[in-house]
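Following are the structures in question.
Shared chain: chain A. Partners: chain B in the first complex, chain C in the second.
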Partner chain A sequence: MTTSSPRPVTTTPTSRGSRGRGLEALRERHSGIPALIGKRLLQIPFVLLVVSILIYWLVEIVPGDPGRNALGPYATDEQVLLWNQQHGFVGSVLERYIHWLGGFVTGSWGESIIYGEPASDLILGRLGNSLLLGAYAFVLLVPAAIALGAVQAYWEARRPDRVITITLMSLAAIPEFVIGVILLIVFAVVLAVLPVHAAGDVGDNPLLRLRAMTLPAITLALGYLAVLARMVRTGAIESITAQYHRTAVLKGLTTGEVVRRHVVRNALIPTVSLLGIYLGTLLGGSAVVETLFGYPGLGALIVTATEKKDIVLLEAGVMVTGLVALLALLLTDLLFLVIDPRVRFEEAK
Partner chain B sequence: MTTLAHPSAVADPRAVVAPPSSWRRVLVALLRRPTFTASVVIVLFWIVVAIGWRLFGVDPFADTGVRIAPPSAEHLLGTDRIGRDVLARLLAGAEPALQIGPAGTLVATALGSVLGLVAGFFRGWVDTILMRVFDVFLALPTLIFLLVIVGAFGTSTLVLAVAVGLLFAPGIARIIRSATLVEMGKQYVASARMQGESRLRIIVLELVPNILPTIIVQATLSLGSAIFIASSLSFLGLAAAAPSPDWGLAINENRVYLQGAPWTVLAPAIAIMSLVVAVNLIADNVKEVTRR
Partner chain C sequence: MAPPLARSLAVAALALLTIVPLAACSPAADAATTDDVYRIGILDPGSDIDPLTVADYNAQLIAGLVGEGLISLNAEGELESRLATDWTASDDGLTWTITVRDGALFNDGSPVTAADVVATFQAITADDSVSAGKSAFDGILASVAEGTDAATVDFTLVRPFSDFPRLLTGTNTAILPAGYEPGNWLKNPIGAGQFVLDSYTVGESAVYSKNPDYWNADAIKVDGVELKVYADVQAKLLAFQAGELDRIEATSDTVSALDVSQYNTITAGYNKFDGIFLNTSVAPFNDPTVREALAWAIDRQGLVDNVYNGTADVANDVLYFPNYPVQPEGLEQREQNLDKVAELLDGRTISFQITTDNQLYAEVLQQQLSAVPGFDVELNVLTSEQYYAGDNSVTPWLNAPLSITNWAVRGPSQYIGLIFQTGADWNASHYSNPTLEAASVAFDSATDDAERQDLVNQIATIQYDDLAVIVPTFSRAELLQDKRVKGEFAGPLDFYTGYSFAGVSIED
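Let's turn to the complex of A and B:
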């Protein structure tokens, strides 16, 4: 995977001095939050705009004409021309881009070339499915990662720590579809306790639906587990060895209080920054997992759109996925402000 | 009057940072690690198979006449739905598996190193623009980026290698940039400047030898991920086409027969797993040994 840039954790506690305390700090704190959020809110449309231009330019390179792709080889040239005119595929690149952008912003995303349905209906429906699967995976992932990381930190550098590290790192290196296939063979074929297809004939029963989604959700979560558990481990070890932890113990707080008020809070800071990045990719839909389990999510839809050269669907799908990923980053920033007081002070300077 | 030694003779970085004996020390330390040697054996095995599978007398496309046969003495890994020998396809599949990933890593390392060096050396607006561009790239979901490229340029090996290269280049560039910034603060760069060495000369002859270990570590770390991504693409049917013995494609084609013929899926799954885990273990070992 790409090494995603960490969030702005530019905290240098030593250089803070006395300016970060008292009323002075309170004022800075309130001026810092809007600046940070404002920056992020400006960044989102900018990144999306760049991406949309990039895609539009790439689409121009696609061999073949969208009308011809939609209508097939037996349509007459007049029919193809008419279809192109109806769908806004005429004029110069700039005209077409502006036409598309205007449509996208106002909510008319065009008609899918392969399905002949409005792209917005298709994408938003699939997005719901992807969000559901992503949320399920997230619910499984976070407690597991925190538990494993805590176990590792508690037995640091001893056998449980090393065994968990090696197991998780090997798991992270294996592609999702390989893990998924092995899980399928074990749980669906040998043990036969879970269904092979994630969206088979389950009807409306939410419990059965959840059961069918369990394997894809576990597969999705396993891909992120290793790094996340590692983050929890590092964060916990750092806060256990920190001065404030010693102070808290020495001033007579109970173990529960120390863990709750000092260790957990500080250990979660690096973890939350990573969660934000993962949340975006998890919710955007994993094309691989969705394809393997036959789950009707957004990722699988975008893969189909690419294979069939459905430009309309591809562009709208990519924009929605990008938006979800960027909004997840924004959410992380907000969460940061709640958890880490240092961000509030530092950003104001 | 005492003759002062030429500045570059005193502070020649190549002599200090990575002399041949240091490389030998790294190699010896690596060979002492069992996970490293085991991984190298596995990777070498797949490389030999990828290059020479045609010499083993196997045919990945021939119909043996028996369909969906479980593993036996005749067909060690059984046959698939149209009677092809799974072992033959497994061996032949090593070739595509070792094409896109390594080629993409080469592209990524070359591009990422050059951009990182340029950003770190010139700083200022060059640095700012490059960093913003990398941010946009890193904000994009990995697979979506590849899908768009494949949608536009097709699925030839060259396109996929360049796409994987573009995908990994920003990550490498960031790290090379920070390594360059560290080196820029050192004395030898200042003395090279005072001697009037050209910028190109400083970058190629002074900086590159010093950040070479960082570049090598980044390249090995990227290789595992690149093979991972390439196999995911072939699983999605976006890299190899139907009769190809590609492992990812084989898993996708045979997953329908999972209940009746699990060996057709399990064999390529284990093959991918062994290759990717071995490459990652090599990278981890190299990283740990060079860090000291």
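Let's turn to the complex of A and C:
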């Protein structure tokens, strides 16, 4: 077995020198990376502009009146009209959109129609909550997916693989909302070890905050676990059976080195691609999970803004979640550059 | 092959997955102390919170716990003294003089004065006011001014109105300091009520502590109140089951999901009615026989059982809540009578649509009517935003042929002014009857009991016969409450009862 090879490859001068020469040789190829980042960053404003136009138009065609929503059903028509005039909701759609856009790009996001508070305060506060919950879910999701995928790859086509596959596929078939309710019944009602309300009065105690966020984080993570674990499993199996793996083994690398330098890196390439998309979704907030657990995240806020036709809050909220998603994709591209040399070569060309 | 690494990865990841949630569940992370805090689940009001303008129930509660009005109602519908210690009418019934409680303080330590009362009601009734409370005083209150001494306020009326003190229990009537600027209440949540708002986080919670300067502080036995925002009814139910909330509405959904014997069932008087508003200006309900046939086709007890889970009383199409001091006499109680329906319809089939934001009510009513020969009913269930969208000339709730809308408890004359009066803003029935309006004005002026009874009978008979609005039920506020809560609420937690916590305590 090659796994018993004692040769300390990574400590030999030859090895160090070889890596140095390789990087030196690749320097020119790396010059394409800033261009890639610049290109992606330039695309972001255009994407957000298109999204903002779509949102403004969609809100316009949905029934409802901002003034009526703000003042309630018992306000008179005159009161509603006065309110709309005071808040700039008169005139053509184009005029109102340009007025909003001008304010948004100059940092004046306006006041929420329904809450009467600065939209920036509401959104950035909620964004922080969503980032926290998304990060917590991410921390639970990634190791779980890698572990389960690795276990499946190790026992490929054997009982553990089949059991995990069936379990994860079953989980994937159940809606997030139902999983959340089941978790609430088990952990909050029956066992009473975790709270139902993820936004209770926990003061500054981070442990209590973590405790309150655990069920929504697990619910979020479970929603993505099946596909991600499957991706890890597939990547790992493909890497283990690939030519470069065989070559690495035959040239005498230790098992640890083979896995670290060849298997893991290649196995994670498709996984990282998926993680980038998931990261954007997780950090942008999940309306379903936030609603179920009463978690004050950005997703739930955007849903409320949509229901109440709070265009100020909705536009700003969508811009921020869009930005988060686009930055997450950019981060994914950068990760690709780090772990996959082929991408660097392509960009350099 | 990579067995050692796969195994290591699996072990490390599973350890992390186990440790993080377990750490979160550790005993050190037990919930914050909420022993003497009364916890209520609410929906996100989705609106600004200002005592002068709040219209949504949840927003009213957020502001109402801090505020204090002049007068409130108890569960029996009787007037109770709050910031007003006395109220008397002049001989001609055109002026009501209110005496402001001596020694009452706002939560910033300043005294509540007659000038504050005057300023509050001037703000509510101002021409540019967007207060939901304004409508209650339209056509009734002419002016408000300080009285002959520093402790009294004179309300001058347009016409005599014997139920005027009841109007002072209305929405948005909590007293605010003179000079109060609307729109900044959350930054400085001023009020003279039972609690002080310690924190409010949009979409999350509102936390209150007992106001030590409250004029009746000795009667407030809880240390505070916490309102927790739930966007999902299922989550709210689970939170109640888990002991995170102290009360939940006793709806059919909640009662069927809970072991009711583990909780106290509390009833705190009537809180609303769901009216079936028939547009009398268009077919098919411009035909009185169709309106009457519909009224006789409804299984009212079925609505009580299936919509309210028993927390309502059968009503008789007249707007006198059972706890109103004067009750109509001599009207036959309507109940489902298919013979009368057949007689009135005379072989016709009446097709119409039920428009509402109350899905359960609409579905139950549709099922009932579908079983009655002569009715062909479709549903048009809207979200609240859609139902109340648009101005009065187009909004569904005021223009559909048949709409179902809930109304909070008000005085009978208020309902006539708002719902039945010719051209009234919320006259969803497009109804007009000068005789009814004249009788209502006469009732408001009358002080003799026999005369008042006679006028109530006249008004009720017109409502019963004309059927601009079918009133099948009066809804009671029935709740399930955690057994750690002792004592009884004076009434529903609503503006007309002043959100009173007097006599309620928590014993763990």
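Keep this in mind: the second predicted complex is superposed on the first by the 285 of 349 C-alpha atoms of A that agree within 3 Å, B and C clash if a C-alpha of one lies under 4 Å from a C-alpha of the other, contacts with A are read in each partner's own complex, and residues count from 1 in each chain.
In this section, a residue touches a chain if its C-beta (ideal position, glycine included) is under 8 Å from a C-beta of that chain, and two chains touch if they have at least 3 such contacts.
All figures in this text were calculated on a predicted structure; none of them were measured in a lab.
In the superposed model, A:291 makes contact with both chain B and chain C.
By the document's definition of touching, of the two partners only chain B reaches A:280; chain C does not. In the superposed pair of complexes, A:175 makes contact with chain B only, with no contact to chain C. By the document's definition of touching, both partners, chain B and chain C, reach A:196. Once the two structures are overlaid, the count of chain A residues touched is higher for C than for its counterpart among chain B and chain C.
Of the two partner chains placed by the overlay, chain B and chain C both lie in contact with A:307. Once the two complexes are laid over each other on the shared chain, residue contacts for A:147 go to chain C alone; chain B is not touched. Of the two partner chains placed by superposition, only chain C is touched by A:68; chain B is not. By the touch criterion defined above, A:184 lies against chain B and chain C together after alignment on the C-alpha atoms of chain A.
In the superposition on chain A, A:325 contacts chain B only, with no contact to chain C. Looking at chain A, you'll find residues 181, 184-185, 188-189, 196, 291-292, 303, 307, 309 touch chain B in one structure and chain C in the other.
Every residue of chain B that touches chain A in the complex is listed here, in rising order: 134-144, 147-153, 167-168, 170-171, 174-175, 224-225, 228, 231-232, 235-238, 248, 251-252, 255, 258-259, 262, 265-266, 269, 272-273, 276-277, 280, 284. Looking at the complex, you find that chain C touches chain A at residues 1-7, 9-14, 16-17, 20-21, 23-26, 28-29, 31-32, 34, 44, 46-50, 53, 55-56, 128-130, 132, 135, 183, 186, 201-205, 207, 226, 228-232, 234-235, 238-239, 241-244, 383, 385-386, 388-393, 395, 397, 425-426. On chain A, the positions that touch chain C within their shared complex are 63-65, 68-77, 79-83, 114-117, 122, 126, 139-140, 143-144, 146-148, 150-151, 153-154, 181, 184-185, 188-189, 192-197, 199-203, 205, 207-208, 210-211, 213-214, 218, 236, 240, 255-256, 258-260, 263-264, 290-294, 296, 300-301, 303-304, 307-309. Note for the complex: chain A touches chain B at residues 1-5, 47, 50-51, 54-55, 58-59, 61-62, 169-170, 173-178, 181-182, 184-185, 188-189, 196, 280-281, 284, 286-288, 291-292, 299, 302-303, 305-307, 309, 314, 318, 321-322, 325-326, 329.
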